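Next up: some structures, all given as structure tokens.
Two complexes are shown next, each including subunit A; its partner changes from subunit B in the first to subunit C in the second.
Coming up: the complex of A and B.
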């Protein structure tokens, strides 16, 4: 086991050695240093094993053993795009920005491919990510080839933008590590809908570095809908200044293994962070949401609601940590995670965590785990609703409770569609 | 709350002295040489005249211990412990049984008096001949086993318990008198290699209490052990084993104190409980080891492994603890719920003031069907105290219909302390239901204002509110302990307000 993990890390490190002169920005000393440092961290730590506390419930053995390679050539020509959720969209294929497929003309802010604009991103790249702590961020920093670079100037309402990521199956295991940088100036706002689709034996390992300035608002909806052969391991770092808001909603329903890891820091007074989501897993799948919220300033508020639904032989994980620093007086923190088990073979592991050093705070978390409520089911059956339909109604109600936290209507509609389509697929699979 | 007046008095009485159990008793002691090696293990075993199998058992534990590393996962900080710089055996020098209390070493008697042990029990504990043959009048007696440093000094009410077939004695005595029971159950709940400190304890434990309640017997009195670390540079490693046979019932109380010293002393106990069909064990602890001074100097490192096995159907194990002492507490009383419909409970109040650190909680392993567990934890942090609830609820695939409810509340007094909650929930059973909730808050200004308005001082008001905060746990304690616990809460929070 340990050997296999080390082998997996060695494979990536070997490819880094081979590729490092060809990666974007290879002639930029600052970037070379950044990549080399990350490689050193990754070499020292390798893929995290389950002995690492943050990875206690999620085993990356299968990722480490898969012998991924990087997609070396750009896929050319037209490809089928998923149904658009917004008129403006940035499209990535196998982790590379495709200007020809994207619709970004006439935006009141910059949204460009990172590989072509590295110099502008110098200050922001690596400012938040912690390769020394998160091996997957180290892996990403070492090997990233492209990403979306968004810069919304102060006071601008950026409206709605969709980030589409498509992974095509080249017939062999492959990995890509996009690095997305999002910066909102003071008072700016943006709604970003991210859609990830893909097939084949693929590792999608994105890292986001998100900066929300004073009074700015970023709404970030994520639909992780890759097929059940894909490993999706994403790490988001967000910092929110005074009066700013970061609102994240993630639907994870599809990949073989999903890790949705979010690190958010509230660094100015009255900053707000919402992290909500619904994660579903069916036979053979594993979903993991791991959040870490750092209350570093007074008068901030955070809300988290996560729902997990498990069917078949699947496993769900929720780990959520709220840290309240000494200076973060008047913090209002709330976290709820609920799991629904629909199969005898499913397993849920949950670890909510509070670490509090300030006294004038209001912090709470709750967790519940259970099967569908027998009384509710009976109530519906007694009214002539067939069992499968009654179950569907209850599951949908359970999931939609989380989606109700989303205020943006377009986003909410997209999230609802994603939830419904997952449930319908489960029904089809069962039938 | 009936004890409010007493709590207020307690607060007033402690303004001058904070830790009233900090006395040191000057008694002639016998020590084994400092340090830990196989010879010390053999020495302890020989000293206790133990059978070969127990020596083997200890040596196996010692071998395991040598391969283990000090656990570092708890949210506590302390310098590395030098296990060679401690005495592993310290016993009061033996004397022939005195005829009356007058002949008893007055220092020992003073100790008992300060510990609050009533005269009748004092006589028995001091080994006064003929004592304990007549029951104390007018109140429910409590049978007491007092463990002084490493050895059990005496056990009271033995005869009366014997009539019911109950065995209540020191574990050394049990090894001699009831070797089959000890051999069968020792290490059956906490194996030698369970964890670093349990392995250490298994190798060097010197005494502790042993309880066996026969089938269908309801123990007529509370059983109690007072643990006291007295000598300098000693570690205390007691081992308690309680077996409740089918249909029996026992309530067991445990209290602890230690003298004030600048050095840190190690207390690494192991408690094993076994409950058979329909048996109930109620285990209550008021832990008041010396917490160190206001600057965090000295105090006991309390690294304890407590675990109960609900082996039988419908058996029940209930842990109640009030943790006010120790510089560091590292303690997770747990229940293994094997029998169908068995029940595990954990009620805890943990207070950290000054530089105290507590990392405590419970583990509930649901194995059998329809097993139930309840966890209520109240953490109070003041001064520079750090208080962590760390708990695990694990529901196995066969624990159909299992049920858990967990509530962890933290109260912060002052802005230099910390309150942390780290629950782990692992569920592999669809029909199980698990609920967990945790809150963290401080004493609200309006609550304080309300009390102050009615003429209470700031400290009285805080005392009242804290007692209210802990009430769900305190009400689980037996009467005698509840009053003591409430006073302790007050004393522990001394100086944290205003």
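Coming up: the complex of A and C.
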């Protein structure tokens, strides 16, 4: 008897049962235990529903109902790569590392495919991503096939690296769950630019586990530019030790549904975390940025600025939680999210959440939601600038303001290009 | 030349302009003076096409062309310029980008060729120098962090770049110290000539010592109640608007509580 491909959590669990002996590391007991444990949690919880607080505004129904399969077979041969943002790049196709397409020779640190180096990753895999907490982390742990493993030794400046993720359209719905592990030793630094492109009905479900040691700095720019058929659900876990910095800037502009979920913990004094971004959605799209910042040590600083631009019938979500623990005295926290609604059918849900247990802290947050400012528009038009061009200038200004904080010029240019190309596509769609 | 005949306008159903007749011939500078709430700013907004004002009667033509039916950007291309009383701050829009976009939009509207970045910079630097503006003001966001005086100078810079045939200066003197007032006035006076007219809207006579008008009109209660030469401004300064009101037939008396600013 044949049955249709099962959907939802049951579908993924059924495929895990069928695939588990073929997944990378299938002969490693420690990894089998990790995957089995994740499967148990995923079986118990399933996909998050809107009854769960963190998922109140984002419905994964469409993901749960799709008949996804995992690709498993590696795509061979040459494929078209997106325009390079850096000379050094690690390329992944359908979630599998492609050494032949990557340019990683001569790096002063290690950047390798995870599937081939699992033993080295044992201590780090699952150290931050806990299947019992986030069902998507459980799903990723259960089914990951590959990922990027970066290890920058203490004191080394790794320069600029690009992580390219390409999803090809095999003509049927497919899912891939890359697991990226990034470790920076004391005083090390790296700028990682991540470019995600893809087409077809696909679920891209990456999980990052990032460890920033004392005095190290990771700048992590993300360009999520998959097509409007793609579900992009990414979860980032970062832990930042004393004097270290994790600087994340995400542009989400393309997928049908984007969830940009970041959990960062400041675990040593004077650690810093920046989480900034711009998310855009057009007709039928949904963008969600959900952050969780754990101030667990004194004298740490965090900065968050997120901008959302919505057109057509689209929906945006920002949820930002800042936890300041009792020992995190002299915390300096700032959170701002601003949304620009260019259509009456667009909707934004914005939920800042501050939990402060220390008594000597500086924490502020703010949110603005609005349409384009009528006075600004009139000012531009009174100077002869046609209405459509005036609107475009104001939207670009709103978005560019978000990237002004990015100090790395290559990254800032790449982010600006991503913002502009999204906005130009909207103009082309409207024309 | 600007010709306004019987112009009436309302905002939110409240009549502010009640039949304005005014003619500014080519090459002349006229001043409109009036107390707060007399309709001065409304007149500038109605002429420049701001949303929210409904023209209920009358006409306004610039060089024979009906401007009331035009979009704001079309009026700018037709040669109209409004120097704002409160210039808007545009964070994220660079002053240079803004000026060049505006200049090229207006040039395009006039059938002239667009300027490239180098040509633009050359003109902009020249004009800025004349207005004692530091060059880094080009790099900053439009009016962002500008002092009151810098904002007004930026308005005059835009005027000098766009070369309108008719400029309306709405309370350009407000918030200016005497040095800035002089620079701004010099900027306006430099434009005076056979191809340029201006309507200078002001509450005080002070500005008119620097930009000496050909004619002065007094706006009260939404109407021009008196017109005269430059000496009228001094008369007003000495006697106040009340004296003019005394001399008016009762139907023209201004009820200050009725009109919006």
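Here, the second predicted complex is superposed on the first by the 424 of 431 C-alpha atoms of A that agree within 3 Å, B and C clash if a C-alpha of one lies under 4 Å from a C-alpha of the other, contacts with A are read in each partner's own complex, and residues count from 1 in each chain.
Operating definition for what follows: contacts are C-beta pairs under 8 Å (C-beta built on N, C-alpha and C of every residue); 3 or more make two chains touch, one makes a residue touch a chain.
All of these numbers come straight from a predicted model, not from anything done at the bench.
Chemist: Should the superposition on subunit A be reported as showing a clash between subunit B and subunit C, or a fit?
Modeler: Because the two structures are overlaid on the shared chain, the partners are seen to fit without clashing.
Chemist: For A:352, decide between first (touching subunit B), second (touching subunit C), both and neither.
Modeler: In the superposed model, A:352 contacts subunit B only, not subunit C.
Chemist: Going by the contact rule set out at the top, does A:367 touch subunit B (first), subunit C (second), both, or neither?
Modeler: The answer is first: A:367 touches subunit B but not subunit C.
Chemist: Once the shared chain is lined up, is A:396 touching subunit B (first), subunit C (second), both, or neither of them?
Modeler: Touch status of A:396: second partner only.
Chemist: Report the partner of subunit A that touches more of its residues: subunit B or subunit C.
Modeler: Answer, by number of touched residues of subunit A: B.
Chemist: Classify the contacts of A:329 with the two partner chains as first (subunit B alone), second (subunit C alone), both, or neither.
Modeler: So A:329 only meets subunit B here.
Chemist: Which of the two partners, first being subunit B and second being subunit C, lies in contact with A:342: first, second, both, or neither?
Modeler: In the superposition, A:342 touches subunit B alone.
Chemist: Once chain A of both complexes is superposed, is A:379 in touch with subunit B (first), subunit C (second), both, or neither?
Modeler: Only subunit C is touched by A:379; subunit B is not.
Chemist: What is the value, to the nearest 10 degrees, of the angle subtended at the Cα centroid of subunit A by the Cα centroids of subunit B and subunit C?
Modeler: With subunit A as the vertex, subunit B and subunit C sit 70 degrees apart.
Chemist: Given the touch rule stated above, what does A:129 touch, subunit B (first), subunit C (second), both, or neither?
Modeler: neither
Chemist: Quick one: minimum Cα-Cα distance, subunit B versus subunit C, in the superposed arrangement, integer Å.
Modeler: 14
Chemist: Touching subunit B in one complex and subunit C in the other: list those residues of subunit A.
Modeler: none
Chemist: What residues on subunit C touch subunit A, complex-wise?
Modeler: 48-51, 71-73, 75-77, 82, 84, 87-88, 90-93, 97-98, 101-102, 105-106, 109, 141, 158, 162
Chemist: Residue numbers of subunit B touching subunit A in their complex, please.
Modeler: 73, 397, 410, 412-442
Chemist: Hey, which residues of subunit A end up touching subunit C in the complex?
Modeler: Against subunit C, the touching part of subunit A is residues 373-376, 378-387, 389-390, 393-394, 396-401, 404.
Chemist: Give every residue of subunit A touching subunit B within the complex, in rising order.
Modeler: Residue list for subunit A touching subunit B: 53, 326, 329, 339, 341-344, 346-371.
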